[in-house]
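The following pair of complexes shares a single chain, chain A, combined with chain B in the former and chain C in the latter.
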Partner chain A sequence: MVKKKVAKVLAFRYMALAGILVILAGGLVLLPKYEKHEGIKPEQLLSNVISPERYITTDYLADKLVNQDPSYLLIDVRDEESYNTYTLPNAINIPLAKLLDEDSEMYLNQDQFNIVLFSNDNFHADQAWILCNRLDYKNLHVLKGGVNMWYNTIINPLKPTEDMPAIAFELFTFRKAASMYFGVAYPEQFKAKKVKKVIPKKVITVKKKKKAPAEGGC
Partner chain B sequence: MGPLIPNGIIPHEWDSIIAILIGIVFGFVLEASGFSSSRKLAGVFYGYDFAVLKVFFTAALVALIGMYYMDYLGYVDVTQMYVHPTYLWGAIIGGVIMGLGFVTGGFCPGTSLCAVAIGKIDAIVYVIGIMIGVFIFSELFFLFQPLYEGSFLGNITLVDSLGINPYWFIFIFTIIAIISFVISDIIRKRNKKIFY
Partner chain C sequence: MKELEKTKRISIASTLFILIVFIAVLTYERPKHLYKVNSIATLEKLTTADYFISLTDINNPDFVLIDVRSQFEFEKGHLENAINVYTAEILNEANSELFKEIKEKGKTAILYGTNPNEVNAPFMLLYKLGYNNVKILTIENSYIENKLISKDIAIEKSVANIQAFIDESVKKASKVSKQKVVVKKPRKKTVVVKKKKKAPAEGGC
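Showing the complex of A and B:
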């Protein structure tokens, strides 16, 4: 008797299983949709924000440029007009408004280069930095102080007064030498030879980042 | 959080070990459900046993529904899942050849290895056949290469290429599956029962 009852119930087992599948699938359709959090987690962003690697100084950058470190990619986030007026050597112009364009992504979303973002100060560059960080792009840095700082420290370094420590003089010597490298001429130089150094613009090609796929299959 | 391996929660080095463990379980389940018998697989084509169709269709559905629920709850990111790349004509022609092998031999590559493990002679012959096929394919690869690498569509899914809402797609897919189960049951009842 009990067996018969069990058999009677079990006769519907496939129907019940099919019903469960339909209900679960229908549930997916009916569930309220919500906007997913795109990009990296807030905690990750915060740790990037407070990371000391975020900013690089103009002196550090000048050193890298003078030594022709190939791993640095400079990106000018100012508008095209400012870019054409003056920019850092071999910089690429990606105006802040065009940051999310497809062409820009090729330069920003890669892990071959250390990217240095800069603008006149570091305000717009910081904004670009945040946006790119949210998109989980790697190796991003901001030039501290931007082009203004670059001009004040590298191109037109302040001569230290006599009561300053030796280290300030060393820094000044370095900056002066760097400025000569970037094409600034000093009066004492004029007597010798007037050679304008032309630094050829490098064409920087960027390979698209390949995502290593996990292999799978039957 | 997930998928676990692309996000580095499980390191890449564990890939092979996990594959072996899953393979053992998969093989065990295949054997335990009688899939190592070529008659069971051939039954789909002759219409006396649709277990294979039901099992694989249900497995796909359960995985699909489960995955999208996990995605909804934030445990897995579906967009990070590995999608096998589509080489359209290669897949079509390869599918036809595999289907022919399926009907004539009564095994799929997975079940044939299962059947070898329990010592079926037909499966041993079948696996030798696979090896010969692999050998011929590798030696004549330069002939097949244009087909093998041609008509590449990228890592697309049906949802991408049809451009429909994945949730509705899953629902429709579920309905299709259940209808196909019902139809296959009707076909099976009409056929003469075969004992094997």
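Showing the complex of A and C:
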């Protein structure tokens, strides 16, 4: 008797299992819309953003430019007008509004160059950097202080006063030399040339020793 | 007998399948923070200037001031009625709740820091996470005798026309050098007549 009942219930087991599967399949309809996560996670982006390692200083950049390091590529994110007025040597112009265009991606998403983004301050350059970092572009840097800092340190360096340490003077000499490289001319540059004395060459003549006439003899 | 074994396999397989689905559903965890705005839309927002606000416009009951500097700086001095949310902790649960609450109440969060550059990162992150009620206060904070001084500043303002400066310097320098050239008197030409050397006597014995 019991066996019969069990057999009766067991006869429905496929129906029951199939029923559950159908219900589960129906559940798929209720799933929330798939949210595509573009780029890296927000937590990761935050930790990248608060670290200052993306910044490079104007002195460092000037050094790289003077030594003509081929691995550095400069990108000006200001508008075209500012770019045409003045820009750093050999910089490419990608205005912030055109940052995510297809043509720009070629420059930004690569691993051959160290890209240095800059603007007047580092506000817009930072924004460009954050946008690119979310898309996981590598090798991007930001010029700390931007073109304004470039002007204040490299193009028009402040002369150190007497009470400053020797390092300040060394830095000033470097910056002044760099500014000459980037096109600034100083009056003393020319003065120095005129004042330059031609030091007469001292000719040291070595007197030949005269052979002593043979003494004596026979 | 063999047929019975086959049917058992089917029921075992289907129960296992159902179990797996249940476990998957139970263990699924939604990521805490999801971007709601994509990069292109964010860029469009950045190119407009309506996310800036200046110091004179903040006296509005709908604005909530948020200080993104560290707690130490905040306690040293801050604007009136500001709430401290340090940038590094902006994704904390408590802070997320705070921003959600501000948004639900229809208020606007005004972010400020030492300078606008510092506010850039938290602003962009919040905007990407879907908080479109955030703005940047364009001020620069400094201390004079431990008293907080806030000043409005212009963003991305060029300090000098560098090209003009370079041209000017070249002009100045060349002027100086030209003057020098003028002062110099042209040298007198001295014609040196070479003396003919006497030809050595040729020949002879």
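Heads up, the rule we're going with is that the second predicted complex is superposed on the first by the 157 of 218 C-alpha atoms of A that agree within 3 Å, B and C clash if a C-alpha of one lies under 4 Å from a C-alpha of the other, contacts with A are read in each partner's own complex, and residues count from 1 in each chain.
By definition in this document, a residue touches a chain if its C-beta (ideal position, glycine included) is under 8 Å from a C-beta of that chain, and two chains touch if they have at least 3 such contacts.
Keep in mind that what you see is a predicted model, and the values were worked out from it rather than measured.
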Problem set entry | Partner chain in contact with A:13 - chain B first, chain C second, else both or neither | second
For this session: Determine, under the contact definition given at the top, whether A:158 touches first (chain B), second (chain C), both, or neither.
Result: neither
Exercise. If you stack the two complexes on chain A, which partner ends up touching A:119: first (chain B), second (chain C), both, or neither?
Worked result: second
Exercise. Who does A:82 touch here: chain B (first), chain C (second), both, or neither?
Worked result: second
Exercise. More residues of chain A are touched by which partner: chain B or chain C?
Worked result: C
Exercise. Is A:177 in contact with chain B, with chain C, with both, or with neither (first, second, both, neither)?
Worked result: neither
Problem set entry | Which of chain B and chain C A:28 touches, first, second, both or neither | first
Problem set entry | Touching both chain B and chain C, residues of chain A | 14, 18, 21, 24
Problem set entry | For the chain A and chain C complex, residues of the former touching the latter | 13-14, 17-18, 20-21, 24, 35, 37-39, 41-43, 45-46, 49-50, 78, 82, 85-86, 96-97, 99-100, 119-124, 126-127, 130-131, 134-135, 147-148, 150-152, 155-156, 182-187, 189-191, 193-194
Exercise. What part of chain A is in contact with chain B in the complex they form?
Worked result: 14, 18, 21-22, 24-26, 28-29, 31, 213-218
Problem set entry | Touch list for chain C against partner chain A, complex | 10-11, 14-15, 17-18, 21, 31, 33-35, 38-40, 42-43, 46-47, 87-88, 90-91, 116-117, 120-121, 124-125, 128-129, 155-163, 165-166, 169-170, 172-174, 176-177, 180
Exercise. Can you list the residues on chain B that touch chain A in the complex?
Worked result: 3, 5-6, 15, 58, 61-62, 65, 68-69, 72, 82, 84, 108-110, 155, 167-168, 170-171, 173-175, 177-178, 181
